[in-house]
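What follows is a set of structures for review.
Each of the next two complexes has subunit A plus one other chain: subunit B in the first, subunit C in the second.
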Partner chain A sequence: MNTRFSIKSTVGSAPWIWSYAAAAVMALVTITFSRASGGLDLLTASMSFATFFALTGVAQLFVITLGPGNIDLSIPANINLSAAVAMQVMGGSDTMVLIGLLAAMAVGSLVGLGNYLLIALLKIPPIIATLASSFVVQSIAIAYAGGYRVQPPPGLKEFVRAKIGPVPLMALAAILITMCLAVLLHKTPFGRGITALGQNPTAARLANIAVERTRALTYALAATIAAFCGVLLAAFSGGSSLEMGNEYLLSSIAVVVIGGTAITGGRSFLSGVWGASFFLFLLITMLNALGASPGLRLMMMGIIICLVVFLASFRNAGIGQAVFAPLLKASRRPR
Partner chain B sequence: MIRHLQLFGTVAGMALLASQPANADTSDMRIAFSNNFAGNTFRQAMIRSFEEVAAQAVADGVIAEARVFNTSENSATEQAQQIQNLVLQGYNAIVLNASSATALNDVIQTACDQGVVVVSFDNTVTADCAWKVGVDFNAMGQLEVDYIAGRLDGGNVLEIRGAAGDPADTAIHSGIADGLARHTNFEVVGTVFGQWTQTVSQREVAGILPGLPQVDAVVTQGGDGFGAAQAFEAAGRDVPIIIMGNRYDELKYWADAKAASGYETMSVSIAPGVSTLAFWVAQQALGGNDLPKDITVPFLTVAQDEVEEVLASTEPGAVANILYTVEDAQAFGQ
Partner chain C sequence: MITLLQYRVLLPLVTLIALTGTIFILQPRTMSYFGLSLLFSFILPIALATVAQMFVIAVNEIDLSIGAYVSFATVTVVTYLDTDPAIAVGLLLGAIALHTAVGALIQLFQMPSIVITLGMSFFWGGCALMVRPLPGGHAPDWLTAIVKVKTPFVPFPILACVVLALLLHLLLMRSAVGTIFRGTGGNERAIRNAGLSVTGIKSAMFFLSGLFGVLSGVVLAGLIVSADADIASNYTLLSIAAVILGGGLFVGGIVSPTGAVIGAATLTLAASFLSFINVPADWQTGAQGAILIIALALRGITERYEH
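After this line comes the complex of A and B, so read on.
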């Protein structure tokens, strides 16, 4: 799944490769330093948890691709509300799983549309508009759920923990969804419109792209993906809780940037989001496995993240090309 | 006035002390609660407990008024201004959960100088004139290790800490280290930081588990037990003894696992109702009862045979709670 079809990207520059390389290093160090041989278990755990980082990151990526200033800070609150709605609608019954999932995604799309309306009608910058809407959404979640944790339906709980060999089914499903979204972003007029807008809104408008409709749909799509992630997260962690989405605010932005996507928009790598998600999970795992003191762990985390982002940054894409040129060639062929 | 009443108390109250300690009438007194942070379920329960007990005390004519004032940000500057305002508004006592152990000392000293009773709790202050209703987190860590040592002869321990750099985290951790120093047949095979949050704890534990040998016990800081259990289950491992932290999720998991397979553990935390203990300490101080300045809050522990009962009285999503009584506060004076 190599998605290098953005207009501006020149052939061969693949900054996303660094996130995978970094993740692989983290995994190797972790396995080397662990007392027991748990390589496959580590793969299972990292794929499960990377799923949540990645789906929130994919949601954020779509918004960020729209161009400078576009960001969705309402993802955590959206997750909290959507998961609560899903778990309540499902009510622990397997027959209601689909309806609950659709209800959550409907809530998500409404949150996204609300974000867009604040930005477009009231002319509020996205960072403020989505922050404000996150307060509203979180308040609704508190009023609606009241801190009550509803158990997920047993079938859904089984699904999110099911594995084919060491590979979690949930992660496979999420990767499949990401691939579909990659096709949407890079191959369809709608997706190319998002990228075009991110590169130059004036040019996009002149090229007859429906700017406002693209923006509205993108915010709605992103929030729907986040809501979907919320349902998986609730099923995986034994029910919804009112703060379970909170840690996905900064991480959703981090995995987009670590994955080589330009924070200014118009140049996006969905595959990088997954590499960065593995990296983020394995980085923490590695530092835990090494058993460093708490201060050292945080310091190492900061340094390593900076290093990977530096390597993946636009200017240094050439280094990646030089080192991974054979890899790239191989990966370009299938399409 | 207060000093006068205190004198009266010492002279006349000796015989009455056991049943009815020296208490002047506080029915015209007003107590304010200055709270530095209200943004999680524990703090919400802390505020509600205070309001409930204070409302009853007002209805019973024990005091005239008690109100809660939250600062919008957890900032010492803002709370210092708030305390100044409360003094100007003529409150007789200020109960506070402090944003800083030291930064409020000046404004607290000024309040004391004007005859205001100041009672700090949970996050206490170092000002000499203030009462400190504090928590011995080190003892909590030791309690956890002692429980495990009572159940097992030895084994591997996973430690889930809170947030790096937090004083409570450091204190609980040192208590666990002290406990392990006394029970040398236990070894800590891994340490993760769970941020006292269920989902974070689940992820961190799931990440470190593949590299760990068999884990026999998990020591925790509260809010992380349920997530740890989920991680062990998802990894297909037997769930070891996980010390719970009185959260509804944790008690529910424990009660269910106990019913299903006889799972045994214990649970320990601070009750959010500690605010009501601080309230009664303030009321007693206003009434002239000379309580010690340093008061250690008892833990709320849940034992194997109590879990169903405590679970039934805990609201879903909340933390097991107790509301303290005036007698609880008076007990510290004896």
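After this line comes the complex of A and C, so read on.
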């Protein structure tokens, strides 16, 4: 056995390190450019906002791990509906917080099960099935909430804004939940079943993994996490709104991939989701600090996401080799 | 194989006829030249965007940026084409070139197209916002005249879609080049062993996708009064749904150009249909989702009978 420490092999087996490195660079650039605001304020803000990117990303990660083609496009609609349910059930009263939270998560798990049933019974590709279900879920949210904005209970509002030193309590709770989910994914038979399915469904079936049950539970789990995130988001932004989940559709996929997880499934890193979420928030902050127009900001975000994926596509090889090998191969190819 | 293909085109066609028939019964006044032009007024840009998506799906990739891309083309046309045609043409050609380059890079570096085009959707959205930060603009009168032309007997949007479907059918299903295009989605290695460049073919498909995306944006610009940077953002998911509804599969190079155009028409009509049967505004999106689910469920059932 080779026991020598090697940076290359360490990074190769832990591609999520890149997302933290990228986040650190962004933090340095932002602090340098924004001069006035302190680093601690930035830490607090980035942890709060990264929580929402990360939880939606974690939900997406579980579905993506299931294998090629698996994706959940219903996360935004699910967030909108569950948050509306939670706020209405809580009705601004602290005693109902737990019941409201459970109600929202129950709604979420139903949405997830609905997604699975569409995929399995109708044999529709997940991208289309979850798109269709998101239409239905969004309609239910519109009909249910009817445009009213219910204030979150004061206790819950206090919790999502509470801090220990500079660290938001909500972010700590979310990180703890992510750790539990990491144990679930990597150490339990259920979680290993998800990964096995993503690597080779036939082998997983032969290894006696309950394929359909694993799929169903994974879609339900992902939707439940998204619903939980919806409740936090509604509490954080002073009530639920019918569009508040929409910006998390693309970001949930982006943070999974930037975090080093394979989009084709079977190889996932929950820690990377957090690194990528910090990166994404800091990127937005940096572009704001530079005074970029909204258009330029979006454009730069697109370029940087593509660039990160581009760099990640050859993190196992040396960068020089990776850039030139395909070009050489292309030039040698017969015309 | 022939029956399989027939079913693939037949089912969306039956769905489309059923929808149109129901609308005719509910509102007989739509059964006229004017009624039909109104019902199908926005079908052409959606069909063109669907075709753009189809080219990419044919080679086993997916394009999540097409909505933002079409928006960019539309705002470019309404902002520059009348006053500075050179800038407009330059921007549109540049967009096609960049889209083609993205396709080439995806193949060269084996990057997941779903993520790269996701990033590109931010890019094109940003570009569109920079061209037109506030809603407004004006398409050249000649463009409006072309897309709103009154053709005899059959309204222009329907005529244009039929011609589009026929031309694409000839290109993709009946020509040697089309076989190679679809073959790349079916068996990449076979294409490579035949001495062809997969990178070249995928670039060509992204070029065609970029071209039709720009066409979609230009036609959309002629149809609307004023544009904003988000004008076509729902085309991304609409186009994917239409391709699949029209009998396409995400893998294997199995696509049907006629089916895709019919799928686009079905989804366009679904919206009109729902307002005709007095579905409350709150439930219209949901009912659209339900129509999509029913149409795909029917497809699943017919396919199971075939096997």
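In this section, the second predicted complex is superposed on the first by the 291 of 335 C-alpha atoms of A that agree within 3 Å, B and C clash if a C-alpha of one lies under 4 Å from a C-alpha of the other, contacts with A are read in each partner's own complex, and residues count from 1 in each chain.
The definition used in the following text is that contacts are C-beta pairs under 8 Å (C-beta built on N, C-alpha and C of every residue); 3 or more make two chains touch, one makes a residue touch a chain.
All figures in this text were calculated on a predicted structure; none of them were measured in a lab.
Chemist: Let me test your reading of the model: by the given contact rule, A:294 touches which partner, first (subunit B), second (subunit C), both or neither?
Modeler: Once the two structures are laid over each other on A, A:294 reaches both partners.
Chemist: Under the stated touch criterion, which partner chain does A:48 make contact with: subunit B (first), subunit C (second), both, or neither?
Modeler: Once the two structures are laid over each other on A, A:48 reaches subunit B alone.
Chemist: Is A:73 in contact with subunit B, with subunit C, with both, or with neither (first, second, both, neither)?
Modeler: Touch partner of A:73: subunit C, not subunit B.
Chemist: Looking at the overlay, what does A:33 touch: subunit B (first), subunit C (second), both, or neither?
Modeler: first
Chemist: Once the structures are superposed on A, label A:128 by its partner contacts, choosing first (subunit B), second (subunit C), both or neither.
Modeler: In the superposed model, A:128 contacts subunit C only, not subunit B.
Chemist: If we overlay the two complexes on their shared chain A, which of subunit B and subunit C does A:18 touch? Say first, second, both or neither.
Modeler: Touch partners of A:18: none, neither subunit B nor subunit C.
Chemist: I'd like to check the shared interface: which positions of subunit A are touched by both subunit B and subunit C across the two complexes?
Modeler: Subunit A residues touching both partners: 294-295, 297-298.
Chemist: Would you tell me which residues of subunit C are touching subunit A in their complex?
Modeler: These residues of subunit C touch subunit A: 62, 64, 105, 108-112, 114-116, 118-131, 133, 195, 197, 199, 229, 237, 240-241, 244, 250, 280, 282-290, 292-293, 296-297, 300, 303.
Chemist: Which residues of subunit A touch subunit B once you look at their complex with the stated criterion?
Modeler: Spelled out, the residues of subunit A in touch with subunit B are 30-31, 33-36, 38-42, 44-46, 48-49, 145-149, 161, 233, 236-239, 241-244, 246-247, 281-282, 284-285, 288-289, 291, 294-295, 297-298.
Chemist: Give the list of subunit A residues in touch with subunit C in this complex.
Modeler: Result: residues 69, 71, 73, 118, 122-125, 127-129, 131-140, 142-143, 250, 253-254, 257, 263-264, 293-303, 305-306, 309-310, 313-314, 322, 326-327, 330, 333-335 of subunit A touch subunit C.
Chemist: Can you list the subunit B residues touching subunit A in their complex?
Modeler: 40-41, 161, 164-165, 189-193, 195, 197-200, 202-204, 206-213, 226-227, 230, 234-235, 248-249, 253, 315-318
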